[in-house]
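In the two assemblies presented below, chain A is common to both, partnered first by chain B and then by chain C.
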Partner chain A sequence: MDELSSLMQGFAIALSLKNVLYMFVGVTLGVLIGVLPGLGGANGVAILLPLTFVLAQQPGGTTTAIILLSCIYWGALFGGAITSILFNIPGEPWSVATTFDGYPMAQKGEAAKALTAAFTSSFVGALVAVIIITFLSPVIARFALKFGPPEYFSVYLLTFCAFVGMSKGQAMKTVAAMMIGFALAAVGLDPVNSQLRLTFGHMELLQGFDFLIAVIGLFGIGEILLTLEEGLAFKGTRAKIDMRVVIDTWKELPRYWLTSIRSAAVGCFMGIVPGGATPASFMSYGLAKRLSPDGEKFGTGQIEGVIAPETAAHAAGTSALLPMLTLGVPGSPTAAVLLGGLLIWGLQPGPMLFVEQKDFVWGLIASMYLGNIAGLIVVLTCVPLFAAVLRIPFAIIAPVILVICAIGAFTVHNSMFDVWLMLGFGVMGYIFKKLDYPIAPLVLALVLGDRAETSFRQAMLGSQGDLTVFFSNWLVGGVTGLALVLLVWPVIAGWRQNLSAVR
Partner chain B sequence: MRRCKSLLALFCLGLASMGMAAHAQTWEPTRTVEFIVPAGTGGGADQMARLVDAIIKKHGLMKQSMVVVNKGGGAGAEGFLEIKNAKNDPHKIIITLSNLFTTPHATGIPFNWKEMTPVAMMALDQFVLWVNAETPYKSAKEYVDAVKVAGFHKFKMGGTGSKQEDQIITVGLERQTGIKFTYIPYKGGGEVATQLVGKHINSTVNNPIEAVSQWRAGQLRPLCVFDDERMPYKVKVTGDMSWNDIPTCKQVGVDLDYLMLRGIFMPPGVTDAQRSYYIEVIKKVRETPEWKDFMEKGAFNQTFMVGDPFRAWLAKEDQRHFDLMKESGFLLKK
Partner chain C sequence: MNTHQQSDRSAASSRALELVIAGLIFIFGAAVVFDSWRLGARWGDDGPESGYFPFYLGLLILVSSGIVFYRGLGDKKLAAKSFVSVAQLKLVLLVLAPSVIYVGLIQGAGIYLASMVFIGFFMMWLGKYGIVKTLVVSVGVMVAFFLVFEVWFKVPLPKGPIEVLLGLA
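This part shows the complex of A and B:
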């Protein structure tokens, strides 16, 4: 139980008055950053990074500095769910799946319930991941080294297949939306041979379509357009804004323990891989929809549909810090900025960090426990406040949302072009909804498309074009096989039903 | 030859007097300065920019504040185009990596170092040939021989980006030794180092800072450095080796030196006084203990250049990149 004593020592370091104070400051800042779309966690951490430099100069200061920064990270993770549920605007890629059931819940007047479920599940997911980090970090670090290009591709394939396989009735529409997403993801620079693709000579298209701009437009603006058409009634006005909702929701949550455990497992796996929080949230939502007895009702405001993606996203977001610490490879953009922070403070992330900077590492791990508790306290006390926003009349809130969306889109690259692009995506989102095409597969393909393409082409370069590389060992073969099974699952299930009908 | 030298002396004198003249009318930023990184977060250029920002803030080297902004779209073209188009704006500076030279050649995106104002060379980044420590190759020669025996495209070289510095060095190595790798491009140096530890590739040409941690953990082994001279740092990094103990690739028969520019540029049309201001700030940054510590940790070549020598160096390097890329077939086919 070497880890336990190290952890206790870590708690002793993290629990000083100063550190706890910085913890709450960090979480509150993080929540604010998470709420504003465009100003994602990575930007927030990057802006505050130089300030922590002064902090890190004091004795024991590096621990305080990383506590402050990682708490901003936790806060931003929590905050991302708020706009997804209230306004159907996911502030971070991994909050997209939260909108599927979170927003319908808010429309039914259950915003506070959805928020409570989201925050609590986030906390549970993060907690499971931290426990795993505490006890299994050396084993996991070795496991992550097994991931080369074919393995990465198989994981992305699994995410896409799980998504197509789970869509019911309109599989072709899902595929069509996904293909549009892939096409959009291909715009910009070819990652393997450095040629410009599909830019048609427009320098604005160099960096391709940013996920955030697409999402703000497709979800946020599209939703406003739709609401305008349906009349100026905002349906969330019946939102209960009482602290008692929190307690009531908590009483309901243990019923979904199986979903929680499954989602946490998916999240940890994807975080360590490091496939990231976004595939984790989508995959977990897909699995929950398929395996839950209420699966048919997903998308209409099921609390389970909020629990699944939130638990997985946070489990992944938290466990993504592990590859960063032990291998020096960031699992997310925010982790990348944190990594830069370590270097500036004179710490070298990588295999030696656990050996040479024990105090720092265990202080950080302890702060993961405490930071999440602090985060939960901050956001839960604010639930009534957030839910009350929905009581504001639509005529007032709609322009405000529009302005926030525009600012968010502008902030991504400081360019006006992106604001027009966002409006374009808004119209597209409106048309998609009118024609009953799902938006989520498009977003998923846009986020993961270029990563999947890069891994696939790296794998093909390495194997000299031999496709059997995707079955070359138990790991990649297993994941690829699972992906293919999930893809054709509806067909198999159909056969089985037919068979039993015949009998 | 002597005449040349005296001419040069005269020239320097002229420069110095010009410098003094410029000093007479000093300039200072009047609003927040934007420090552009033409690459994503977490990479070598990004780390250095954020370090410079932090040092300036800590030591109060600038009265106005500074923000670091990542504009890495189109292999850095996004950032360079912004500088190129911000004519006369003294509140924007950019840090460069080799994509200053390679991106326009490889993609045809219209920008060139001459269309910006060179400020200073802060340092040069080294490249080292690395293999997994569990493989038997103890020297660059042993490794090259093994690649030769295995045949074309059997060994995999991993590197950052495509048609950029890592691949240029790989092609240079191939041409000098008659071997052929399968080159696999990755997004960043940290990822490349991890892929080598996991044995998904056979070797890399990582910068020292990208692989030092894995070296110290005994997972990677440096074979040689792509420079004319050994790196000067003699403090032991692992149990028995310092950066200085790594032989040059020339010593083992590969005559290839390649260093990556870490320099600062400004938009076109800025005045000498504005340029001098940033040169002075950079000089002060280079004097701080944090900077020196970072240089040593990453085994950087600490050459510092401004003005005409810097311009001459840039012109030479630009031509060299063009030649190397032409030989490798990396130029955009029109």
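This part shows the complex of A and C:
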């Protein structure tokens, strides 16, 4: 029960007036980001990351900084549901499944009920994930302390093979996008012997490509350009949540406990294994549709069809922080941005965090409980306000979002070159999304590139170039083996389908 | 495509874009392979050389983009699909072109003035707002950003001659 006493200490840290204030600021900003087109969890956190530079230098400031950023993330997770249900626009990719039943509910005049169900299920999903983080992360961290370079490389390999294996589109495009990320990460100084690589004589490339810039461009600008194609106005339903609807909905929700538990389990699993919130929400919606007695009515505005994807998405989004904290391997682009924040503040993510930065880790975990409560309060009370944001005319909101992106890109390194890069990444993101090249593996490869390479080369040095080092003991061999199975999973799944088709 | 309205005409087919992008990625991969080979992609005296890891990345880029290109060549469905219609492309360029000018403007005039002009331009040109409303919104937004970034979080933003004149930089 070490965890419980650590957690209590964490609550003591997270409950300081300053931290609670930043919690509410973060959640409100986050919901705003989740609602605005073009801004989402990953690029929202990336843009606001520079705000924490000064904050993190104060004593105890890193905890406040991570609370601010993680609460922006929780807020964005909540915010995605608002646009999905009221406007039929998924603010985030993982809210796509929420539109299937959420928007029909809103059209039937049950918007408030759908929103309450969505927010409450999000909260439940997050809560389950945080409880898992609380008890599982110290165990994993203790275990990971024994990791050497081969083990780390095998974990990176697993992360990336999982992306290829679970990609829905063409696996080759996932590979291409990922390798572009790795190659961009390799630009600049060689992390091992400081040789210049892939700069082709351009001094601007000396520092390499910062993934924060890539995130702001790919997700932010790219998303705005995509939204533009749909036209310049948003049409939506109005909604106001009053206490009576909330209580009535809450009375109804326990009936769907089985769906909630199933969705939370799917979400947590998909969040920890890199794959992320988006497939989790679809998978959970699909399962609920197949297993529910009202399954055939899904898509016409069933409350269960809102509960399932929201619970799973929030559980996955939250549990994606588990591998980030314990291993330093983020499971989603937003977790990657948070990891970037830790590095900038001078913290080394990974198992040592649980030994050397106890206050930080447990303050963060405690803030996950509190931040989600704060989130629930904010979204339940302020829905009309946030929905009003989407009614701001496009001629105002579009340039303001572009200004925010430019400011975000500039402040990372105080460099104008980065702002140009951001525009370039924006066009790239627009084209890549339309051609179904996945963006998430590109970003993760850009973040992890240097460290994956370093651990690979250290492992190779240790073994004098012998690749069997990745199978040298049961642990590293198991992880590498699992990675390879995931890599060829589409092929295996194809065979199985063919077999059953023959029968 | 003549049956469609003029504005819904396709500006480019998805296959054309697929091939162009796969081709560009292939060239990028070739550059990576080339530079890695120049640096040394083999096993040196003190372990793997600098180009060792990127060399294989580059090879994977060549292979994957090559396969995407090859598949795209024979893909009839992709050829019939529109990547972007003329009307959509117009909308996208409508925002993209001013954005490029805007970033150029930041370099000369600082972020505050450039952003006010940028927001103002959109409001008056796309939104057909009056000058008073435009000024209130564009100045208001930038004052808010100034307060949040420079005063509250102490993050400096790029400034131009106007700010220097006002004694803010």
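Please note the rule applied: the second predicted complex is superposed on the first by the 277 of 503 C-alpha atoms of A that agree within 3 Å, B and C clash if a C-alpha of one lies under 4 Å from a C-alpha of the other, contacts with A are read in each partner's own complex, and residues count from 1 in each chain.
Going forward, a contact is a pair of C-beta atoms (placed from the backbone, for glycine too) under 8 Å apart; a residue touches a chain by one contact, two chains touch by 3 or more.
Predicted model only: the values in this text are computed from it and were never measured.
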Touch check for A:348: first (chain B), second (chain C), both, or neither? first
Could you say whether A:461 touches chain B, chain C, both of them, or neither, answering first, second, both or neither? both
State whether A:165 touches chain B only (first), chain C only (second), both chains, or neither. neither
Tell me which partner A:414 touches in the superposition: chain B (first), chain C (second), both or neither. both
Using the touch definition from the top, say if A:398 reaches chain B (first), chain C (second), both or neither. second
Could you say whether A:206 touches chain B, chain C, both of them, or neither, answering first, second, both or neither? first
If we overlay the two complexes on their shared chain A, which of chain B and chain C does A:49 touch? Say first, second, both or neither. first
Answer with first, second, both or neither: which of chain B and chain C does A:217 touch in the superposed model? neither
I'd like to know which partner A:198 touches here: chain B for first, chain C for second, both or neither. second
Residues on chain A lying within both footprints (that of chain B and that of chain C): 50-51, 53-54, 190, 192-193, 195, 414, 461
In the complex with chain A, residue positions of chain B that touch it: 40-42, 46-47, 50-51, 53-54, 57-58, 67-75, 77-78, 81, 103, 106-109, 153, 156, 161-164, 182-187, 190-191, 193-195, 197-198, 200-201, 212-214, 216-217, 219, 293, 297, 330, 332
In their shared complex, chain C is touched by residues of chain A numbered 50-55, 170, 172-173, 175-176, 179-180, 182-183, 186, 190, 192-193, 195, 197-198, 200, 221, 224-225, 228-229, 231-232, 393-396, 398-400, 402-403, 406-407, 410-411, 414, 416, 419-420, 423, 427, 430-432, 434-435, 437, 453, 456-457, 460-461, 465
Could you pull out which chain C residues touch chain A in their complex? 14, 17-18, 21-22, 25, 28-29, 31-32, 35-36, 39, 43, 46-48, 50-54, 57-58, 60-61, 64-65, 67-68, 71, 83-84, 88, 91-92, 94-96, 99-100, 102-103, 106-107, 111, 115, 118-119, 121-123, 125-127, 129, 137, 141, 145, 148-149, 153-158
The residues of chain A that touch chain B in their complex are 42, 46-47, 49-51, 53-54, 57, 144-149, 188-196, 203, 206-208, 327-330, 333, 336-337, 339-340, 343-344, 346, 348-353, 413-414, 454, 458, 461-462, 464
